[in-house]
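Heads up, the next two complexes both have chain A, just with different partners, chain B and then chain C.
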Partner chain A sequence: MSYAVELINISKYFGDVRAVDNVSLKVRKNEFFSLLGPSGCGKTTTLRIIAGLEEPDKGIVKLDGKDVTYVPTHKRNIGMVFQTLALFPHMNVYENIAFGLRMRRVPESEIRRRVREMLEIVRLTGLEHRRIHQLSGGQRQRVALARALIVQPAVLLLDEPLGALDLKIRQRMMVELKRVQREVGTTFIYVTHDQTEAMVMSDRIAVMKDGVIQQVGAPYEIYMRPRNRFVANFIGEAINMLEGTYIEPGVVETSIGNVRVEGGAEYVGRRVAVAIRPEKILIGEEVSGDVDNVFSGRILMTIFRGAFVEYRVDVAGFEFIVFKPHVGGLARIYQAGDVVKVGWIKEGGILLVD
Partner chain B sequence: MNVADVIRRSRRLKLFIFIGIPMIYLLIFFFIPFLIALLYSLGMFKQVVYQYHFVPEPSLEYYVGLSKYPGIFKAIQRSFYYATLTTIGTLLISYPLAYYIGVKLEERYRDLAVLVVFTPFWINFLLRVYAMRFILHEAGMVNTILRLLGIITEPIRFLGTDVAVIVVMIYSYLIFMVLPLYGVLEKLNVELLEAAYTLGATPFRAFLKITLPLSIPGILAGSLLVFIPAVGEFVIPELVGGPNTTTLGTIIYSFFLRVRGVTGWGIGSAAGLIYIAMILVASYVYMRFVGGEVRLG
Partner chain C sequence: MKLFDKILKAYTYTVLALIYLPIVILIIFSFNESRSKVVFTGFTLENYYSLIGNYRVWDSFYNSIWTGAVVTVVSVVLAILMAYGVSRYEFSGKTLIDSIMLIPIIIPEIVEALTLLVFLVIIGIELSPYTVIIGHVAFDISFAYVVVKARMAGYDPQFEEAARTLGADEIRAFTKVTLPILAPGIAAAALIAFLESYDDFIKTFFTRPPGFMTLPVYIWNMASRRGFPLDLNALATFVVAISLIFAYIRNRIERRVY
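And now, the complex of A and B:
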């Protein structure tokens, strides 16, 4: 089986800057794949290399199994939604969406039929004669999506298309994008710096930093089993990172005491970190006899976050961040100064060795 | 309270400064002279040795006189011919130039490039036209080069011909076309072209469907900036042309400054008004024709 997109050892330099550094990727057919990373990490350049808008200095780009490294953009069967959307301001909605079909010299009657279908998929029926400046942000988004999808590209590339929208519309568009992707059954490659967008929509995510891919995996994989400190820190809202030394199989010595961990016997004697997500930490009565790691702490701060409560807990000088849903009334919420037990089962800790 | 505060506070004063002053300027230097020319052309305003007479009944005698002037229709035709070819010529030369500077050239070099395009225009207009005389002369640069290359044996006579007038007019008006075109092309969002490529457009079709339509406002502005004064051009046909390059401009010029007197000014004014009327019609038709499909938001 060939992959929808395959990058083999791609590098791209801008002067002395390595924008993309030896990146290899395989994107499966009909997959929603995200490139996630902070700004300047090379994700947009990677996307533009797939589109043929940038030529890589090294490496091979394959689309659908065929080497297209030196094929110009207009001959690659791709679609792209730009960060600025790049809708044609001198054309109305209909003409914008029909553009790709006109370039392929599709007969007018078929264009009419396919534009109508596409308008239905992106829910813009009735707006075909609007001019671009008469549309709302969300509507423009849909036009850009429809324009790119109508040519039935082998892969659709999206470059932070939701960046300019406000939160509510963005949340709606995320669900919408996922729905459209299922409906048309096309491979989507989505570039974003927003982990929520990547998490919500993606089948798989590649986390990038400094032009290098740090980890590729399903959202739960990169969240639950980050491969290094960068991914652990970058993904998720917060993480508790205990630095220490792996002293004997299953035990890491840290500043707050010995911590029991799962596996990793081969790291004995090395510097490691144990990372624990805030929601995996048990507190107060939740800490029972069979919890592997139990410490005594004091609440420093209680922050009401709406759906949950965030505690800052001091344990021997280390400040834990703990997220707790509040099942009871106000009386069940710990307050600053309360002395509590905190703990986690060893499977809840992530061993990081980089 | 200082002057700036007074101005800021008074709506009327603000209106006067931002609208009133330009209006007064236009009134004094455009509208009133225009009215005087109209009255002159209709024979209603006459100056006889520092004495002005207002004649209440208009007559078309100067318009009739103008129409009987030998070669007048040929000259009008020639004015439009020169202006049209000048507009087309400047457009053909300016577009690639403006495109290169505004789209292809790195942003930090753009200001410098525009300045370089401007440099010939630091030199006085008359000097430049005279320089062109030397270049086009039978013993001038063009003929010398052609002869040295063995392309010609006898010098070609450029001066006094349509070719000389049109070449020099294109050269002189170039900048008025380059600047508006540069203005629109510099603002062109290159992502629009990239979007067109991803949709299967070849670079050439992307140019036809995206770049060209989006530069129409610049083409329109540049064409009007070149065409309107070009129709009235009289210095260039005088200096590099000859008896066969008489234009409406040179005729107006000779009525005012050679014929002079009541008749000269009357017929000259009539010719001036005909010129304005023709420009209005031509510009309107052109804008409808080129700009009709373009509405930018």
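And now, the complex of A and C:
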């Protein structure tokens, strides 16, 4: 089976800037795939290379198994939703959506039918005669989506399409995008710097930094098993990163004492980090059961977050972030100055080498 | 500061009056019954009737319009191509082109007209309506270029890229998306180009063949030969009216910004 999109060792330079650095990716058919990374890491450039709007300096672009590296954009059968949307201001909603079919010289009667169908899918029926400036942000989003999808592209490229929307509409559009993607059964490649968007919608995510792919995996994989410090820090709301040395199999020496870890015997003698998610840490006067790592600390700050309580706990000079859910009714909420124990099982710690 | 404001206001009104009062007076006296330039003796449309009956007026009006139209089309098409090239592509000499395009606006028209005439004589081209058109294009293109280029500066190339992702080749992306979006700017450029040509006297006067008259040339002929006949006022009013109509349309179009 061929992949919807395949990038093989793609590099792109702008002068001295290495925008995309030896990127290889395989995007499966009908997958919702996200490129996630901070601003300036090369996401847009990668997307534009797939679209043919930018020529790579090195490497091969394949669409559906065929080498298209030098095929011009208009012959690639891709769709793109631009960051600025780039809806045509001189056309109404109907004409915008029909544009791709007009370019393919589809008969007028079929255009009418397919535009109507598309309007239904993106839930814009009745607005076909509006002009673009008469639409809300969310509606424009849908027009851009419909315009790109109507030509039934093999892959749809989306460049931070929700960036300009406010939070509530953004959350609604995330669900909408996912629904549309299932409904039309098209491969989506979605670029964003917002991990929530990537997490909510994606089947798989590629995390990018400085033009280099750091890790590719399902949302739970990159959250639970980040490959390096950058991914661990970038994904998730917070993480406790204990730097130390792997001194003997299963033990890492850190500034707060020895920490038990799972596996990694091959790292003996090396600098490593143990990363623990805030929700994996238990907190209480006593931490009982088979908890491999238990340390004494003092509460620095208590933040009530609604679904959970966030504690900042000082342990021998290291500040732990701990999320404690309200399990089984009203639990005690500790206050600054209280002395507590924090602990976690060794499988809750992630061993990071890079 | 109050006093300063008042002075400024008075100054503004004075300048406006100096500019427009002669035109207003000219218009009023185009309806004057007697030949007097000072006393308004009674209202009449007689001057306008005599104008309508004058075939030379129609002839020069016709010349003004058709040369103006040709000049406009040629200037605007050339200006669009140049502005598009300069805005969209990187190459050395870009700023040089920009400066060169401003020169016709800056240098005195009479110098331009004279050098053009000398040039035409040297290379042995006989004066004809087409030399008039060449003369007009040579500076109208600058006005059109400045206007079109300003519009292109604000034009997002992503519109064209979007068209290409939707299956348009570069030519169709340009004709179906870029041109229509720039249309208000192009129309404004066309009207300016037309007005500049329609208004022009000096260039036309130098580059026209004998007997070929546009409205401004005809007015000059009337004024210099027959003293100051009354239907001249009427004719001038007519010319001003046409200019105002075009200026008004231009303003309306300019406001249509995408």
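Basically, the second predicted complex is superposed on the first by the 347 of 354 C-alpha atoms of A that agree within 3 Å, B and C clash if a C-alpha of one lies under 4 Å from a C-alpha of the other, contacts with A are read in each partner's own complex, and residues count from 1 in each chain.
The working rule: a residue touches a chain if its C-beta (ideal position, glycine included) is under 8 Å from a C-beta of that chain, and two chains touch if they have at least 3 such contacts.
As the structure is a computational prediction, the values presented were derived from the model and not from experiment.
After superposition onto chain A, the partners chain B and chain C occupy overlapping space and clash.
Contacts of A:G217 after superposition: neither chain B nor chain C is touched. Of the two partner chains, neither chain B nor chain C is touched by A:G244. Of the two partner chains placed around the shared chain by superposition, chain B and chain C are both touched by A:P72. Legend: residue contacts after superposition of the two complexes on their common chain; A:P56 is shown touching neither chain B nor chain C. By the document's definition of touching, neither partner reaches A:P226: not chain B, not chain C. In the overlay built on the shared chain, the residue A:G236 is in contact with neither chain B nor chain C.
When the shared chain is aligned, chain B and chain C each come close enough to touch A:A86. Applying the stated contact rule after C-alpha superposition, one finds that A:G343 touches neither chain B nor chain C.
Touched by chain B in one complex and by chain C in the other are residues 51, 53, 72-74, 78-80, 82, 84, 86-90, 99-100, 103-104, 147-148, 151, 157 of chain A. Every residue of chain C that touches chain A in the complex is listed here, in rising order: 156, 158-159, 161-169, 172-173, 176-177, 180-181, 183, 258.
Of all residues in chain A, those touching chain C in their complex are 51, 53, 72-74, 78-80, 82, 84, 86-90, 99-100, 102-104, 147-148, 151, 157. Against chain B, in their complex, chain A makes its touches with residues 51-53, 72-74, 78-80, 82, 84, 86-90, 99-100, 103-104, 131-134, 147-148, 151, 157. Those residues of chain B that touch chain A in the complex are listed here as 189, 191-192, 194-203, 205, 209-210, 213-214, 294-297.
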